[in-house]
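Here come two complexes built around chain A, the first alongside chain B, the second alongside chain C.
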Partner chain A sequence: MKRGHRWLGILLPLLVVAGLLLYPVITDNESNRETSFTILKAIALASSLNILLGYTGYVSFGHIVFYGFGGYVGIYVVNELGWSIWAGLLVGGLASGLLAFLLGKAILRLRGAYFALATIGVNEAMKAFANNFDLFGGPIGMVLNFSVYKPYGGAAQALSMTFFILAGLTFAALIISHLVRTSKFGLSLQAIRENEDAAEVMGVVTPDAKTWAYVLSAIIPGMVGVLFFFKNGHVEPPLAFPLHASIELLVMVMLGGQGTVLGPILGAFAYQGMRGYLVTSDFFKDIQLSVSGVLLLLIVLFIPAGAVGWFRHRIPSLRRVLA
Partner chain B sequence: MQQLNLLLTSLPDGILLGFVFGLAAMGLALIWGVMNVINLSHGPIIALGMFGTFISFIRLGIHPYLGMVIVAILGLLLGVVIYFVAVNRVINAPHLSSLLATFSVNMIIIGIGTAVFTTSPYNVDFNMGSFKIGSTTILGTRLIAALIAILFTAGLYLFLYKTTPGKFIRAVTNNRAAAELMGVPSTRILALSFGLGTMLAAVSGALIATFFPFSILSGTSYELKSFVIGVLGGLGNPIGALIGGLILGVLEGIIPAFLETSWVPVIEFALFVVILLVRPTGIFGVKR
Partner chain C sequence: MSTILSIQQVSKHFGGLQALLNVTFDLPEGQILGLIGPNGAGKTTLFNAINGVYPPEEGRIIFRDKEVTHLKTYRHARMGMARTHQIVQPLNDLSVRENVMVGACFGRENMSLAHASHTADEVLEFVGLSPRADQLAGSLNVAQKKRLEMARALASRPYLLLLDEVLAGLNSSEIEAMTKTVLNIREQGITIIMIEHVMKAVMNVSDRIIVLDYGQQIAEGTPEEIANHPKVIEAYLGDPKLAEKLMEEG
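This part shows the complex of A and B:
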């Protein structure tokens, strides 16, 4: 790979995120900012999941657990201990990373569907635990004290600030994704994806590589969780650990193309756009879940490589730009 | 003493429910064992079984246990259809494909179910009386449900071990390529297995509906229970699933006597992850 081309692949993803960041700023419209927020959040989460799913080939059905756990820990230190949102973000991200490290040491020994099942179990166990854990408010969760917004110039200012922080996190997620993809570490992950036993024989220390991939894929979701619940004003177990949201992330990564930097972005865009349309349309709103299901089925059955994979396969000259 | 009393009232209930949960998990384990596919449409099919009881009893006035036979037949057919539409193409693909394919079926069923039945809870008002042993009351519907679950297990066992299609299913489970070389029509056998798996799920749903309120979304929690049970009894071991169901039922009967009921799922899922780690073939599973 030539030096210049190495950065070509990240150009398009960064432009898309920059566009999402500028769109509400230029139009100066709060409803556009909410739309952008939802898509950016989906991109950040899907890109993080992609490190594990796309590069390493491990299917995590409960990836949202990091979002929920990080969010809980971050909101706890912000609301109960009175730390700043920056410290909250840091602590939330670290907590998720640590959880991933400990979990990874245990469940990454499982392969294929067993790993997928274990991640579902971890998510449900964590949800049930948060329901019972008094420090986190049990089933009621935690409601943010209004005064936490004060240092940032009131609630309205704080909300607009969360949007810019989220954009920053999304940039970070994409750059991590790109760095992993083009590094030697990423190469060893892809070797694990293709054939774990062979990778091990070739000298990849697979347990370490998998654990670090898991940790890398957990930190950003943890921080996004803190940010989202900070903006949302409260956190409760069903909101923090929704299993279906994990699967929506899988759909986004599959839709756009797993194992590419651009894929999760396209997928997040397409899925959120479609969902927004279906939920508001008169004809589809009752049956929107079925329409999404049919679409997912068609993708899984007929274009398993996703949109980016399909384009790369069809139009070889695009391979340099679509990474 | 109070705990003992509580135990005496909740344990028999737990055991009886355990049989029904075991029946649901058996469907999941059968499909996993035969084709290495985790059927994520399991929950909504359980929910459809529940609505089967509702429609046949409340709307058509058919006795629930008779209606269950219709539910079983429809469940079998639905499973065969799902197999050919969603699973057949990805049967040899990586796990992600079959997981997502069955999950898309899950979304389709929930979507249509929500449009038809809404997500509000339903209740089948059906009573088979109850009787007392000491201080323990046992509901007739639960006892009959447990007996039917045992009957279905026995039926499945006989089918798998005594009939030709059953032997074909076991052959495909053991080694699909070798079975094909021996002339077993593997696609048809896979479709039949998937049909049987969904049939068991639908029947367990039909049974649960006779004593618990339900909605189109309530299948999910039973699906998660089925995962736990399947792992307890050994995924791919349908008969072990019944024992796994019993263990879960006993746990659900014992835990509330010592801890708050809300801790039950924490313990269940923690146990689930631990067993997956220590013995992914299940407590009774043999190493393959």
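This part shows the complex of A and C:
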């Protein structure tokens, strides 16, 4: 936390994302762009989850609810009300932030396993709500009119644009993650993670700090949801609220190293790479989720600090670079 | 001297157990008050009531002319009350300096990170932990963790410091060093309440002592008065007149 090195830790993460952004541009290949899109999306979501899981120490098993809810709200205003994608992104992000604020007031007083269970409940409740809410199309969801892509020069242009917006959101997620980590607010979150009672005695206003961490971890996923479903062309409940995606995010954060800026990036990279291999392999394609289950088990048992944490512990001189 | 803390008729029970009953005293600014009593007498419960961890059911607690009885514990910290824990509570995965910075950042002066880092180095120097500043708090030994507790509390620049058994588990040279530190803290104008079992130390540093037994104040006075108080001897050793009484009855 010494000055001068403050910006060193964010360097590597930014370079990785810049690489992912440039890779399809330089190769000029649409299939590469899809690969990059998937990884960037995972990085943005995992980095956001890390604010709650890694810095604050609260395990959320239902973080994908913010992605789904933000996506639904954003797509609604874009498709049904005819707003621009920019307005849709903003509204989707704010909607998720607001949902997190209200939820936080209610469930952040729970600790440990009780909080984790509550987050699963919230995700399932939201899925049931979307299934029955006519404004959002009920179980069928919403299919985007082709006309919404027109202002952006047609569907092909719009698709390419979503990639660049996603890269922007991912940069934003990393910068937020870094700012939180190196701020006084971040110190209060880390104190809560280490010992919530002691933090409270030392003057950390824990209910407020936890709520803002939750809100901050929800906004970017909401915006990513809007973007993904805008690109996807339709949104429906099982696509928006898949419980297994929440668990995959947990695996990514824990694999790379919770509580660090770089960790979720490495985790997202490694996990998506592994998943890409598994779903195309004849043997693993039907059981790829059980592989991530086993992976989570192994991480928790043998490297609970994740890859970055492990390296930081073994090689202290790397601490400045691996933030 | 003005009163910094006023405890008025404070009572607290856990189920059927009366942990505190009508505890009442005023603490003048700048004093060291020793709080002693047998195990389970309610000393730590009184600390928890004073700094808002478990608010009392009855009675009022006035800190610097403001009622704080039912405020949350983080409000107490902001108002200038700090404490150490009997069972140390380090933030294990943060460095020693960061631990102390938490105290500085969220205490009375609400410092910025840079200011807190500076204050942390100062306070660590004062309690003798400077060489360990960059170590993880979890890697300290018990005596060092006790000093860390104290450093965190001091970094918040408190008016009132609650010390819960900072000497327990220390060897005699460590006790001597810690006792000096406590006296130095008072020199800075900080009022102290200390719970202690090490009698020699508490008798040496306290201006005044209160004895609790089964949640009640059984005696109050200077260290000399307390040492010769029959009720205190009875609470610790049993009734000193018991043998005589039995002889008379026989």
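Brief remarks follow.
As a working rule, the second predicted complex is superposed on the first by the 317 of 323 C-alpha atoms of A that agree within 3 Å, B and C clash if a C-alpha of one lies under 4 Å from a C-alpha of the other, contacts with A are read in each partner's own complex, and residues count from 1 in each chain.
Convention: contacts are C-beta pairs under 8 Å (C-beta built on N, C-alpha and C of every residue); 3 or more make two chains touch, one makes a residue touch a chain.
Predicted, not measured: the structure shown is a model, and the values here were computed from it.
Chain A has more of its residues touched by B than by the other of chain B and chain C.
With both structures placed on the common chain, the touch criterion links A:188 to chain C but leaves chain B unconnected.
Using the contact criterion defined above for the overlaid structures, shared-chain residue A:279 touches neither chain B nor chain C, since it reaches no partner. Once the two complexes are laid over each other on the shared chain, residue contacts for A:109 go to chain B alone; chain C is not touched.
In the superposition on chain A, A:131 makes contact with chain B only, not with chain C. Applying the stated contact rule after C-alpha superposition, one finds that A:81 touches neither chain B nor chain C. Judged by the touch definition given at the top, the superposed model places A:143 against neither chain B nor chain C.
Of the two partner chains placed by superposition, A:11 touches none, neither chain B nor chain C. Residues of chain B touching chain A in their complex: 32, 36, 38, 85-86, 89-90, 93-97, 99-101, 103-108, 110-112, 114-115, 220, 224, 227-228, 231, 260, 262-263, 265-266, 269-270, 272-273, 276-277, 280. Every residue of chain C that touches chain A in the complex is listed here, in rising order: 51, 53, 72-74, 77-78, 82-83, 85, 89-94, 97-98, 101-103, 105-107, 112-114, 116-117, 152, 156. Of all residues in chain A, those touching chain C in their complex are 1-3, 183-184, 187-188, 190-191, 193-195, 197-206, 259. Residue ranges of chain A in contact with chain B, taken from their complex: 53, 57, 59, 61, 106-107, 109-110, 112-114, 116-118, 120-122, 124-125, 127-129, 131-132, 139, 243, 247, 250-251, 254, 286-297, 300-301, 304.
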